[in-house]
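What follows is a pair of complexes built around chain A, which joins chain B in one and chain C in the other.
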Partner chain A sequence: MPEVDFTVEVCGMAGDGTIAAGGLINEAMSLGGFSVLGFDSYPAEIRGFGRCVTNSRIGSNEIVALGEHAHALISLNDEQSRSRAPFLSEHSLVFFDSNPPTYVQEEKSLLSVAPPGVIIFGIPFSDLAVSAAGSSRGRNLTALGGFAAVTGIEPDFFREVIKNKFKSKGDRVVDINLKSFDAGYEYAMGKFADRLLQLFPKSEDRAGHDKVVLSGNQAIGMAAIDAGLKLYFGYPITPATPIMEYLAKYLPEHGGRVVQMEDEISSIGAVIGSFYAGVRAMTATSGPGFALMTELITHGVMAEIPAVIIDAQRAGPSTGLPTKTEQSDLQAAVFGGPGDSARIVIAPTNVEECYYFTLKSFQLAEKYQTPVIVLTDFFLDNRVENRPLPKTTGEQVACWNIFPGESSKGRYQRYDDTPSGISPRSFPGMEGFNFTATGLEHTEKGTPDYSPENHSKMTEKRHRKIRSALNDLEKPVEFFPNDQLDVGVIGWGSTFGSVLEAVEKSRKNGFKVGALKITSIFPYHSEIIKAFMAKSKFVLIPELNYEGQLANLIAHLDLKPVERLNFVTGAPIPPSAIQNRVEELLEVRAQ
Partner chain B sequence: MSVQRFVVIGNGPAANRAADSLREKAPESKITILSKDPFRSYRPHLLPDFIAGALKEEDLYFRPHAYYKERDIILRLGQSVVNIDFSKRNAILEHKELVPFDGLIVATGGKPRIPEQFRLFEELMLTLKTPTDAKLWIEKLASTEAVLIVGGDLTSLSLTKALLKLGKHVRFILNEDAFWPRPLNDEVYRAVTERLEQRGVEVIHCRRIKRMTRLQENLLEMETDSQTIEAGVLGAFFGLVPDVRFLVKTGLDIDHGVLVNEFLKTRFTDVYAAGDCAQVYHPGLRDYWVSIGYENAAALGRIAALNLLGSRLEVRVEPESILEVGGVKVNTSWWTEF
Partner chain C sequence: MKIPARVLADQLKQIKDSGRFSPRSGALPTWCPGCGYFGIHQGLNECIASLGLPLHEIVTVSGIGCAGRYPFFTNNYGLHTVHGRTLPAATGVKLANPKLTVFAVGGDGDGLAIGGGHLPHIARRNIDVNYLLFDNSIYGLTKGQPSPTSPIGSKTKASPYGTTDRPLNATLMALTYGASFVARLFAGDPKGITEALLEGVRNPGFSIFHIHTSCVTFDKAFKTWTNLKKWTHPLPEDYDPTDIRRAFDEVLRDDFSLGVIYKREY
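So, the complex of A and B:
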């Protein structure tokens, strides 16, 4: 059976149903048993104008990165879709509305910029939708029908996901959308009978019913509920808002509450207050909101109060590019805030890790009594992958609070300087374990004390505690391990998928290349990273930021200079860019 | 001064030579080729070899997309022009797009000719003009052994060779239309019959075809004035005619093709026609003639382009090379050289 690796984009104007169409493709192909990775980009404005694009990469093997060139483009708005023409592969399929309501000038036509090798499928989306369902609103479904017919996707996959999507709106809405889909399907089956393709194996060959399509944000929300989250405090901000939306919908069913606060400062304050009282709480924000939280985050560091903060990075600084992706909050997450305020920062690399890392963040926060920052980014938050539904064990959601023993009752020191730096923790109201909590420097008992000796001792104690967290933090994972590497590529966050694909391709080209995935950003496993760097002739760190923020953090571990590859395009790093850089490095060495 | 926008309709030899000439002489201009066919420029004479399996499809095509990109010529394939608005100087595409032009060359070539008496049976006949036609032949031949050829232009003879190579049984009907536009006199008739029979072709002589019927998916029946013949596939080869039907309502002067003067200019300013789709005025004959053949078409394409850019080149053809068939004067100088 031929391997499938197919990328389809849907492009339209906000309000065209573009994102809905892309979502249906992801769901339908998942149902068909394929691996799916989808990502949407849309304007920062709420509705009515601006370009929306969905990118769905569909494969028979696991997909870890976005497709760089589309094999099919479904245009719901030709003027907007012109921007996608450079990303079309040579013989891609282009679906467009062949009977727009008015004549289109050449400079607004998609076909006037489409590469000559594309195969054109003109379908009167609006006309068919109106005939079938009485409204042109279903033209996105009609387009999907045409796409399914031409590419050989079983229509029942789409019909099933259309039913699921619209069932909450009643039978009539389901019927209208099914009719719109079928109108496009039947038209294409007839009109393009001599050009129909069979790009996807039939359903009997595959069964994907055990997988669910999840975004990174949905996985985070789901994990928070599974972790026993009771309170969510937040202020809306792209790309973190869907987490709050998800929790607002589902957390009350689990006995929790979502509170929209007046800003991010109050949000983090409430999270710290909840944890102080012994209740699991969380907030999610993005760079600008995170900046507002930093003072109170360091309060959590100083007063040793847990907190779980999702920093969904977007392109910055300041308001920046709200709907574009970037990995440029790393330094802020690790170092942001006054004083020596070490905290735990972890960064998942895919949707599955979004789930499991969020789950674990509560345990880490409780055990190490410090804010834990889960660093995601727009590409990770907003992308969807289809995976088996995550399952948790009791161990994964267990409380990791270390409570004081009965023997210390009456002589309890909240900030006891233990060998690990972890002090047994009590909550207000625990009789015999009373304490003072303060953002002022304090003694082991919690009494304010500014003496040089005390500040030196307690600062070291807090840092020792954070270092000890390495015992519970994920170690870096080496892919394609080898004793010696020509190029060792280190990746983190959403970029790691591109790293993995690039390294795999370079290896197929005969290059001795390996990859290291780092998910524990701070503290980090320096010995493992150092060993990987030492055995690599070149070390390459691709990042979606200008400054090379991970490279800045770990470059000192080895004497050789780290090669950097930095993109600030607002879009994920294409695997080919990493592969090219890898192979350039080796060609330079060969000369 | 704004960039001049030239549009060439068609993607055959005349269109491509015209676009090349425009690019050569007007390097700053914007040149767009609009072709209803979804495929690249191809060598039609190789289609029988492709059917015979002697060539891969890729071998049919001779200009990669990069050729156009390097020359900054916009190639738009599979996009049909359905009308031309000469007042606003827009080519109107089937999908309701308006492509503006300052200069236009119509070079749409020819399409298979189906004589009037066969129009009723057109759906039962295969022609061979494009790679798409060739693929249909390949598909049909996979499930049939007997092929019937009607008509007899040069393509049919090449295809017959290919069919024999594939081990097919070929029947060939000869009548007065068989070698259009060349008249089939007794001498030619005998020579062709002898040659075909030597190669194992069953030659059927008939004056009139009365009826054609599809008996089954892969079985056709034809009744002539002398017998009833069955075959799996029926090929019709009666030469080409100008492909200009879509231009009828544009205001261009159309007879069999687009009527142009000896400089290939139509009645509209900066609008020219070239190649198989043009009927060219011959001052000596005081009549119009149609050119057929690859090299002729390319030569006309170049003349049209240069004249559009301000030259005044006259198409020169010897009256002896032009013969009249069915009321149409045809330049067949290529015919005897084939």
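So, the complex of A and C:
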């Protein structure tokens, strides 16, 4: 059976139902047993005349990166779809409304710029929707019907997801949407009977029913609830807001509460207050909000109070490009704020890791009594993947607090300088262990003390504690391990998927290439990274930032300079760009 | 008059051993002799002692400033945060464990300048935190700069030609923000502070205690003990603290009448 690797885009104006159509494709193909990775782009302005585009990559094997070329384009607005022409190629399928509600002059429409060789399917989306359901609003569903018919997708997959999506709105709405879909399907089956394709072979062993389509943000929200989150404090900011909205909806039924605070400073302040009182709390923000939080994050470092902070990065600096992706907060996350304030920074690379890393962040924060920052980015937060529904064990959500023993009553020292640096921690309500947590330098007892000996000792203690966290932090994972590599590519965050795909393709081209995934950003496993760098003739670190922020952090581990590949386009790095760079490095060397 | 630290420590030990002021910690307050904060400390300690609450179920949250050091001078749990963030941290503590009795303490700089954005929101959320605002109209810890409650014309090292900005009125702000319990007090009257606190702690929402106090070291002109004693006086006899219109009238008319200005009836 041929392997499926198919990318379909839907493009329209805000209000065309573009995002909804893309979402249905993801759900339907997941149900069909395929691996799906979807990503939408839409304007920052709510009521603008913005263009919406969804990109769904569908595969029989695991999909780790976004599709670079569209094998099919469903155009709900031919003027907006002109922008998609560069992503089409010969044999791409183009579905368009042959009688659209608003007429687009031919010279301004997609068809005038589409590359030669595209296969065009004109379907009267609007007319069919009107005659089937009485309203042209279902024209996006009609378009999906046409797409399913021509490409050979089992229509029941779509019918089922349409029912699921609209069932909360009542039977009538479900019926209207089903009729619109069927109208498009029937029309295409008849009209293009001689051109029907079978691109998505049915397979019995691909059971999609145990998979759910989740965005990174949803996975984070789910994980927080599963971790026993009781309080979420936040302030709206793209792209982190969906986490707050998810929790606002589902946290109350789990006995928790979402409080929308007056700013990001108060959000982290309340998180620290809550963890100080022994209750799991969280906040999520993006770069501008994270910047405001840094002072209190270092308070958490100094007073040794846990906190969980999601930094959903977006393109900056300042307000930057609120709806575009970037990995440019790494240095702020690791170093941001006053003083020597070592804290834990971790970065998931896909939706599944968004879940498991968020889950773990609560344990890390508790055990190491420090703020833990989970770095995601717009692409990771908003993309959807279909994954098996995450399951947690008791061990994964267990409390990692370390309490003082009864025997220490009367001589309790909150900041006891232990070999690991971790001091047993009490909460208000625990009798006999009263103390004052402070952002001032303090003695082991917690009394303010500015003496040189004490500051040296306690700074060392706090750093020792963070170093010891390496024992519980995810080790870097090597893909395609080898004793010797021509190019070793190191990736982190949402970029790692592109790294993996590029390395896989380069290997198929006969190059000796490997990949290292780093998810523990700080502290990091320097020995493992060092060994990987040492055995690679070239070390390449692709990142979505200008200078290479991970490269800056780890480049010193090896004597040879690391090769950097930096994209600041606001879009994810295409795997082909990494592959080209890898092969370029080796060709230059061969000459 | 300068009392040697050793003598003070001995006196403190005697007081501690007597058990009369059990909320008071063994740490010697860092405030200057004659500071108004001693009166507030005494008032709050008396309140805690007469409430009879176990000390491990009480949390004092503070920010930065002379008042920020307060938690170190008590025996209950303390959370000394960063400048201006007293109220958000107190919100987190109280929501995390509603069984705790939470006192937030801070000065006029901490609460009305850098942290001024938090006051309206804790008031509208009506979080059950008891906020003691130590208002001495000066930045003491940084050695004498004008604060948001300094009167126009205040001369300090940072305003050698006099300030030009109008002062804020914390009591009026609290009323405007809808705080459910508002009291105005004087550090020279610890008994009055204790009485108001005992009433305010029972309010199941946000209670603010705006306390006029004196900085003996950096303010020789405005809120001196002499002036405060002269200016402060009780609320009118027929005053009704449940009448919000009356409260606004009173606060607009008089900056120094003391007592429970407003309490919401539930």
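Just so it is clear, the second predicted complex is superposed on the first by the 580 of 591 C-alpha atoms of A that agree within 3 Å, B and C clash if a C-alpha of one lies under 4 Å from a C-alpha of the other, contacts with A are read in each partner's own complex, and residues count from 1 in each chain.
Quick note on the criterion: a contact is a pair of C-beta atoms (placed from the backbone, for glycine too) under 8 Å apart; a residue touches a chain by one contact, two chains touch by 3 or more.
Model, not experiment: these values are computed from the prediction.
In the overlay built on the shared chain, the residue A:98 is in contact with chain B alone; chain C does not reach it. Looking at the shared chain after the overlay, A:228 reaches neither chain B nor chain C. Contact with chain B, but none with chain C, is seen for A:109 once the two complexes are overlaid on the shared chain. Touch counts on chain A: comparing chain C and chain B, the chain ahead is C.
Once chain A of one complex is fitted onto chain A of the other, the partner contacts of A:50 are absent, as it touches neither chain B nor chain C.
By the touch criterion stated above, A:90 is placed in contact with chain B alone, chain C being left untouched.
By the touch criterion defined above, A:117 lies against chain B but remains apart from chain C after alignment on the C-alpha atoms of chain A.
Overlap of the chain B and chain C contact sets on chain A: empty, with no shared residue.
Interface of chain A with chain C (complex): residues 230-231, 233, 257, 259, 261-263, 265-279, 281, 295-296, 299, 303, 427-440, 447-448. Taken together, the chain C residues at the contact with chain A in this complex read 27, 54-61, 69, 71-72, 75-82, 85, 87-97, 99-100, 117-118, 120-121, 125. Chain contact summary for the complex, chain A toward chain B: residues 90, 96, 98-100, 102-106, 109, 111-112, 114-117, 119-120, 122, 194.
Of all the residues in chain B, the ones that touch chain A in their complex are 38, 40, 65, 68, 74-79, 92-100, 132.
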